[in-house]
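The structure is given below, and queries will be raised subsequently.
A, B and C label the chains in the order they appear, each numbered from 1.
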Amino acid sequence: MNADATLLEVRDLTVVRGGVQVLDIPSLVLRENEVLSLIGPNGAGKSTLLLTLANLLQPTTGEIRYRGYVITGNRSSHVYRRRLAMVFQEPLLFDATVFENVAAGLRIRGIARDEIRDRVMTTLGLFNILHLADRSARKLSGGEAQRTSLARAFAIQPEMIFLDEPFASLDPPTRLGLTEDLERILQKTGTTAILATHDQLEALSLSDRMAVMNGGRIVQSGAPVEVMNRPADEFVASFVGMENVLRGNAVSSSAGFLLARIAEQSIELPGVAEAGEEVVFCIRPEHVTITTINPGDTTSTRNIIPASIRKIVPMGAFHRVHLDCGFPLVAYLTSQSLGTLHLEEGTRVFASFKATAVHLIRTGHRTC
Amino acid sequence: MELIFEGIAKAVALLASLDPEVLKITWLSLKVSGIATFISLLLGISSGTLLALADFPGKRLLVSIVNTGMGLPPVVVGLFVTIFLWRNGPFGFLDILYTPAAMILAQAVIATPIVMGITVASIQNLPPNLKLQILALGATRWQMVRILIKEARLPLLAGVMAGFGGVISEVGASIMVGGNIKGYTRVLTTATVMETGRGNFDVAIALSLILLVVCFGINYILTRIQQRERPR
Amino acid sequence: MKGLKRAFSPLVIAAVLVFLGVTALAGASPKSVILATTTSTQDSGLLDVLIPLFEKESGYFVKTIAVGSGQAMAMGKKGEADVLLVHSPDAEKKFMAEGDGVNRRLIMHNDFVIVGPASDPARIRGVKTSVDAVKRISQAGLLFLSRGDNSGTHAKEKGLWKAAGLNPEGEKWYQQTGLGMGQTLNVAAEKKGYTLTDRGTYLTLRKTLGLDILVEGDPLLLNIYHVIEVNPGRWPKVNSAGARAFADFLVSKKVQAIIGTFGTDKFGAPLFFPDAGKKPETLGL
């Protein structure tokens, strides 16, 4: 069994609805055992893509192959659909007990009663809802209902599972707990999965590969860390939490590094550009360090910029610090650091970050 | 007021003595309307579900027609069924005019749009993604339809109750296609009209009370079933 | 839509099978005779005695459809009934003249009476002729209830107004109920008005009504019943054998005797007078 076997292959897939093209995927591959996340804003086409891959929606053009077999164009094919499971944002449980809900997929496949019982109980245990087996679906909390929905999907031991924003309706602590459980279970069962979400942190923790969608297209895909640190364009940058997207002009470049000028400040970053060219680059807030004195010689950090604190916004575990360096810059600091440095609005500080922490998004046209 | 008390007294007397004619009339009412409702259940739920799930140009128009059919005046149905079943009419060869079969037919025509209309609404009221979820669990189209009907069973039961209530209490079509023949096509409603026409108000009231009790009884049983499964 | 039809058909088939099964059960009855007659005939209760007797003797199943004389003859005209038992002589003659019926035979008669409130504001009690009585009611402008439903009774009543040279249609005191005889009597009793009724229905309701018989005995008030077989030549589907059997049954000596005694135990006097075989003139028509 080839661990890298291709499960799904998409070619030239488009979906047009009401005269508008809502999906345009020239190519996409899903490999066995991988977890692919689709992130993007509402209307990006994530749900449409999942429904099309699950053969619940017919594309306008293009083909999808499952292990080499073409599945598009075959509307009634429940044969293919029985290899997969799908979970939606709403639990969509049946008006019955939790046990019966989780058994539903197995009953549909005509599996023997004893085997159903075993598999349902095992799956309930996997999701820690054994104690709810006889509870009516109407009497479940949001989290319990979604657990049941997931259990129902996993009970059938699908080859692939498609999750369409499964935790979007849950409150943060429940969401956290379920995300962890899902991660554990996906690892344990080795199920291939596609997860659509607009929560980048969820995608980060669960997936091996991340695809950013916008306007029906995939604008960037790769390992999550890669995408989050090196976004391909401004849209992706803003979507993956890259809060500092800056525009400046290249001054000079040598040895793979260039010097960019922005608001009287100079910033060094890896990349090549012609003098005078507009450059768009970004820095993750986590990579910005704040000090009250100029670190200067004590550090190898190449970029040190004097700044004053405009605003400090508490964000739970950390604080978002808005700096004015002549241009806006955002940094994250823990409450502890904040206290240690005695920072408050108006304080003059130094913001520093490594050259390699800066990512060049693109170079523009020559400007004067 | 006196008349009503006399009527109640007469009703009790008729029932207590198990008056054979009254029993026969009551039994026929239940049989005819029961079978008609059963037919409307089969036709109405199946076609209503499929209409609700289908997607085609003109669907909205068809649903409006069905909803209009829900309000079809029974006497109009009776007239047209009679015309069709006349000996010299298109279906005269069936020879069922003035028989209970004709009454069942007319009542089924009245009840089916009611059941169908309520079925369409019930199925459309299910969560829109439920159909996709069921298919995603590997169901064939047939399995999906059965599961959806099961999920909508409570409002569908209400629809059947509405259908039954509508036909057991209707009189216009039953008189026209049945002929109110003694011991053969005379039911509670037609007998009540006849007794009123004769001026036998006490008997008419007695029959009315029996009809009310029957209606209430059936609906009570069905309501109990429905309420037992009610969501919290 | 293919899935629609495919899934639809099993249930349609099931429903049709149920219906056909029911129909089969219904159609298992013996050959039937459709008798179209009037509500007052049925309400008198005479048919409840005669029909079971006929069914037992002949083996036919009689479907008695009780409507107004007008509708009964309309059914005969369309071949939707096999035999008629009606009491509207003028309309019947037209029916026969148009070739819609065969074998019109006299069966029996009863009479109509004019009833009204005991106070009798129009002063018609004991008046010799019914024409005279309706003239007085019209002159006084007192409330008169008409059945207004083309029944035999209604036809008779219209004949009275015509004979009196009056046309009450549209007058405020002339109200048409469109109802059966029993109900019309009740309305007359409620509103303290006059009306024309057959003696049988009046007698059945007398106790609860509170209306008195004010005019009776006028030959014009005779209510003559004939049996007419629908013309099988025009309508092949008509059960002509059954119709003939029923008509023969009605004119038979035995049945005529039954007719002659019907109602005596309940009202002390018979409701009908058997006339089969008699000449119409002998009835004073």
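Keep in mind that, in the parts below, a residue touches a chain if its C-beta (ideal position, glycine included) is under 8 Å from a C-beta of that chain, and two chains touch if they have at least 3 such contacts.
On a predicted model such as this, the values are computed, not experimentally measured, just so you know.
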item	value
Category of the chain touch graph - line, ring, star, complete, other	line
Central subunit by CA centre of mass proxy	B
Between subunit A and subunit C, centroid-to-centroid distance (C-alpha), Å	87
Where subunit A and subunit B are represented by their mean Cα positions, the distance between them in whole Å	55
Approximate Å spacing (C-alpha centroids) for the pair subunit B, subunit C	32
Junction residues of subunit C - those touching two or more other chains	3
Junction residues of subunit A, two or more chains touched	76
Residues of subunit B whose C-beta touches two or more other chains	141
Interfacial residue positions of subunit A with respect to subunit B in the complex	51, 54, 56, 76, 78, 81-82, 84-86, 88, 90, 92, 94-95, 104-105, 108-109, 138-139, 152-153, 156, 162
Residues on subunit C engaged by subunit B in the complex (per definition of touch)	1, 3-4, 7-8, 11-12, 14-15, 18-19, 22-23, 25-27, 29, 32, 34, 39, 43, 48, 63-66, 78-80, 179-183, 185-186, 201, 204-205, 208-209, 235, 237
Residue ranges of subunit B touching subunit C (in the complex, touch as defined)	35, 38-39, 42-43, 45-47, 50, 54, 56, 86-88, 92, 94-101, 104-105, 108, 141-142, 145, 179-182, 184, 196-201
Residue ranges of subunit B in contact with subunit A within the complex	127, 129-130, 132-133, 135-141, 143, 147, 150-151, 229, 231-232
